[in-house]
Structures are given as structure tokens and as C-alpha cells.
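Letters A, B and C mark the chains as written, and numbering starts fresh at 1 in each.
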Amino acid sequence: MGQAFSHALHVAVHDLRVERSGRCVLSAVSFELGGGQALWLRGPNGAGKSTILRVLAGFLPYQGGRIDLTVDEPHDCARDAIHFLGYQDALKSTLSLRENLSFWATLLSRSDEEGTCEERVSMALRTVGLHHLAMLLAGYLSAGQKKRMALARLLVTQRPIWLMDEPSLTLDQEAHDLLVGMMSAHRARGGMIIFASHTPLGLADVHHYDLRSGVKNHDD
Amino acid sequence: MMKDVSVALPVRMWRVVTGYANPTRFLGLCDVLVPWCASLSALLIALGLYLTFFVAPADYQQGESVRIMYLHVPAAWLSLMIYAVMAVSALGTLVWRHPLADAAQKAAAPLGAAFTFVCLATGSLWGKPMWGTWWVWDARLTSVLVLFLLYLGLIAIWHTLEDQAQAAKAAGVMTLVGVINLPIIKFSVEWWNTLHQPASVFRMGGPTIYASMLWPLLIMAVGASFLFVTLHLMSIRNEILRRRVARMALMMAQG
Amino acid sequence: MMTEQLAALFLRDWRLAQRLGGGASLGVMFFLILVTMIPFAVGPDQLILARIGAAVLWIAALLAGLLGLDRLFQLDQDDGSLDLLRLCDLPLEIMILTKCAAHWCATGLPLVVSAPIFGLMLGLEPQQIFAVTLSLFVGTPALTALGAIGAAVTLGVRRGGLLMAVLILPFTIPILIFGVSTSTALADGMMAVHIPLTILCGLSLLSFVVAPFAAAAAVRHMGE
């Protein structure tokens, strides 16, 4: 599903320095990643994994170093090339699942998306196994189901860069396999994933960056 | 209406059990009562309107506009009576823990607000030719307006609080606190100098109103009461069904 | 494409304001309560009430309008939607303007529509009621826009509602002045109304331009 992403996709972070509330939380962070690759951010709690993801997404400013994000057209700027999956699910409990997804599908998509909005929403709901609850109000879902809805959001529009903060949290085994499948498929299309997690999630061929020591390694 | 899904299973089951204790029987009761009450109210109101327009005499001072009284006064009585019904339901929720009391409370609030609004609007329309103004801030009108505000506040509680059980308790307490307004309304025309006329029906010495005016008034009042009962029962039925739908949706989500 | 995106945002915000039941009708109820309380304080003298009626309606609309403005961004930030909105290819400023429009339609417009009824209760003349309603129609969108700045600045602050009111109310004073004088200018004839009304329009348009930029800047900084 979905066309392949551009070969020009590239992220380069040089000597990044981030301060919050006057305190230096990240320093000398450097890594590079290309299309089709996945980077696993590892480190203890508080090491700054979430901070890096938020800086890459453009939600936080940085005080030193450089971030080079190369995306090919039709993305005019970095921010519409990114999907962000954080702790929160961005679900409105008084809207139905379909209404929630349709909103993000309309707002986050470009004019050249394949398929109509309804088709993409239905496909996403089917992929995460929530299609039979499409008309249900989101407030009735369990935590695991809400996380699946957040994953569905990643499927309604095609964006090359996925930034994911602890994506496997609250997922059961079946949903975990779904997540891994989605991430593998995204990489196969040439997309890039940077994720923070305590485990490599069972993905193969993953680069990892250790936030304690600032060392980047590659697992084969 | 959202349920707290993190509550333990035994507590959820207990809630389900007490929730279903009476509603099914009540729904059966509704199906029997509603058609009767509806027909009775339609009949009485039709009779009352006929008497209002064709039988009751015009007032020697106000002329034909006095006929608004036959809408205005029953609406006023109803607005007070419905508040009393809500107060009893509130006691049902807070003291006796009857499972349907909160549904009765929630259903009565909009009806009470509607009748109070009709009372205020018809009173205003009646007052303009009589007093020369649409509104005057005398004790009777203001206390009825305050009653309207109390109704609106209670409706707001039901719609704003997501946890309906909590809303029931909050609304119950506020209803009981607001009961103080009822005697103020009733006796406002006696305690203060008001533009509004004093009581002519419910007084210590008996009604001072002519029989030809009294009978249409009473018939309209009884008809309106049956209208309220009909709408109230239908509304409680809707609320019960709404809760069932919510429960089913929750079970569906859990697979 | 942009119109579809903005329409989706407008409809979602509007729908949420309706369904969370409280936003729209609660504002009108508060408006009614404020109008009811004035005669208790000032006395039921019709002449005095008619004299201060326009001012009462304006201040009540101001306060009732500020109610619920702190939810403009807070709810979205709480569930992570605000972050995702920043990943949209549309400028944040335009999205904020759209959110303000949705909020005004849901909460401000009912205030404007109910103003004539409350004007009657205060004993205003029909022309005065017309003038006040018109000035509210033109001025309340500006209040929403200014309130958006306050809401963005107090994002995540506990007791943000009061702080927001304290910050924004001084800026609403010009709008209040010209809003009320739209009604009092009637004493000089119907034509004199257009002077304060035009200035009010100008203030509103100015706030539509300034507020989105200020609010967007605040949203970006408060996210840190």
C-alpha cells in the first residue's frame, strides 16, 4: 500500500545541544539516517529520548548544532513530512472513531494522496482491526485500542519520516505484531523511522543511538 | 456518556445489576401509561382551549387579552410542581438510592424549564398591554426568573459532567438547596409590593375568582399536568434506553 | 485543499463545542444570570436600568464570552492534538483564526442572538436594542480573538482562566467603549451611530490580524 518514498530522504544531526529551563539536557548528539532505515534511541528514563524526538518534530527549539532534514518534493517544508506518535493519542472522546480519523486524514494529507478520505480511513481502521467499531465514540475504547487508533493515524496519510515515542506501550501481543508489521512496511517503501523505546521491538537491521554514551551503533 | 473503564469488574457488574433492577418493569409500565396520559391530556387541553376562547368571559378591564391567563397560570403552577417532582426525585437519589430516581430528575429538568419559559413569555405578552412594559423587576417575576435560572443550571450539570452518577448527586444537592425558592415565589406577592396581582386561587380563604373563570383554569391545569406526566414518562424511557445503548457500546468496545 | 482542511478544523471545533455540552449554552446562561443580578444590585427602577442597559449587556457579554475561552487550546494540548496541528502544512496562524471563528460561532453568536431579549428585560428602547445587538455582533469576534491570545499565553497554567481574564480585559477596554457608545450615540440620532460602529469594525479587523500571530507565537513558546 502506498507508493515508495523519495531516495533523497535523509536526516543529519550534528552536535545537537538542547537546553530546557536553563538546564542542558542534550549535548553533542550526532547521527545520520537515510531512507529505509530505522534508528532506535535508547537510554534510561530522563536521558532525553523524548526531547530529541520533539526537537526533530520542530516542537522544541535547540540551542546549538545543526539538524539537516532533506525531503524531496512535494513536501515544501520538513513539518509536513513527519508523523509524530507520542504518549498521547489525540483522540476526542465525544467523536466517533471514523470522525476522529477523517479529521486527521483531511488535515494532514496533501492534494496528491491516492484514494478518497473515506477510503483511506476505512483502510486504516481495517488494518488496525477497529473497523467494526468505526461508529463508536472514542471515549469507550480501552487504552490499547486508543493506541491502535494512534497507529491508524499514521496510515491515513503517507509521510516519509516517522517519529515514535515508546510506540509499544500498552499494546498487547497482537497489536505489537501489527506495529512491527507497519514499521517494516514503512521501511520497505523507503520511509525512515526514529523511535524511542526500551527494546528494539523485534525489528531487524536497526541502527541504535545510546543517549547515555552518545555512541551510535548498527545491529546486523 | 462515558464510563470509567478502569473500574474493577465486580464493581461494574454490581452497577449493571442495580441499574437493571427496575427499568425493564418500568418500561413495561410506560408502554401502558403513556397512551392513556397522552389521550387524557389532549382531551383536557382541547376542552380547556375551547372553554378559554368560547365560554369564559372577557374581563371588563382587560378585554380579550385576559385569555392569556389560561395559558400563563397553569404554566406557572406546572413550573412549581415540576420542581417539587424534581426535589422528590433528588431525595430518591440521595437518600433512598432508587435506581430510576436520577433518570426522573434528569428528564424533568428540561420540562420544568420549558413550562417556566412559557410562564415568563406569556406573562410578558400579557403584561405589555396591561402594565405598558415587557418586563418589570418585581418580586414575583424576578423569583420566577430565578427559578428558570435554577432549571438551566441543573440542565447544565447533566450536560457538563461526563460521569452521570456524579451528575445525579450534584444535581440532587442543587435541587434540594433550590427548594427554598418555591415558598419565596408563592408568597412574593404578599411579602413585597408587587406589580403582579396577588393570589386568587390558592389562598387561605378559598378562591376569589369567578367559577366561569375557575373551571377553564383548572381544566387547563389538569390537562397540562397530564401533558407533563406523558412527556416525563417518555423522557425517562428515552433515558433508560440511552443508558442501555451506552452499555451496549461499552460491551461492544470490549469485544 | 486548504479550504477543505480549514473546513474540517472549523467543523471539528464547532462540533466539540456543541457536544461537550456546556460551552455554548453555559455562556448564554451566565449572560442571563449577570443581567438578572444587576437589578438586584441597582434597584428595579426602569429609568436607571434603561440608562445603563447597554453597558450592562456589554460587560455581561464580555465576561460570558471569556468563559470557556481558556478551553480553546487547553483541550487540544491535553490530548496531544495541538502538537499534531503544528505538523499540518497550513500556517498555525490561519488555523488559530479558524479555531477562533468556530469558537465564536458556538459561544459568541448565541450571546448576540439572546441580547435583544435581555435588552427587553432591561427596558431598552427598540432602537437601542438594535444598536447594542449590532455592536455586539461586530465586537464579540474581537473579544474571541483577543481571548485567544490570553488562552495561548496561559496554556498549561493552573487557574489559567482567571489569569487570562486579568491579562486580556484591559485590551478589551477600547472595544467596550465603542460598543457601548454605539448605543448612547443614538441620542444624537440614528446617523450618529455609524461613527463608533465603524471604529468598532476597525478594532475588530485589527484584532483578527494581530491575534493569530500573537497566539501562534505564544503556542510555540509555551510548548517548550
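In the analysis below, a residue touches a chain if its C-beta (ideal position, glycine included) is under 8 Å from a C-beta of that chain, and two chains touch if they have at least 3 such contacts.
Because the structure is a prediction, the values reported are computed rather than measured.
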item	value
Count of contact steps on the shortest path from chain A to chain C	1
Chain pair whose interface holds the most contacting C-beta pairs	A-C
Chain whose average C-alpha position is farthest from chain C's own	A
Chain whose Cα centroid lies nearest the overall Cα centroid	C
Chain centre separation in whole Å, for chain C relative to chain A (CA means)	37
Whole-Å separation of chain centres (CA-atom averages), chain A against chain B	54
Where chain B and chain C are represented by their mean Cα positions, the distance between them in whole Å	33
For chain C, residues that touch 2 or more chains besides their own	20
Interface residues, chain B side, partner chain A - complex	2-3, 5, 162, 249-250, 252-254
Residues of chain A touching chain B in the complex	93, 133, 136-137, 139-142, 145
Contacting residues of chain A [partner chain C, same complex]	20, 57-61, 76-77, 79-80, 82-84, 86-92, 94-95, 99, 102-104, 106-108, 110-111
Parts of chain C lying in touch with chain B, wherever the complex brings them together	20-22, 25-26, 29, 32-33, 36, 39-40, 44, 46, 49, 120-123
Contacting residues of chain C [partner chain A, same complex]	1, 4-5, 8-9, 12, 15-16, 19-20, 78-81, 83-89, 223-224
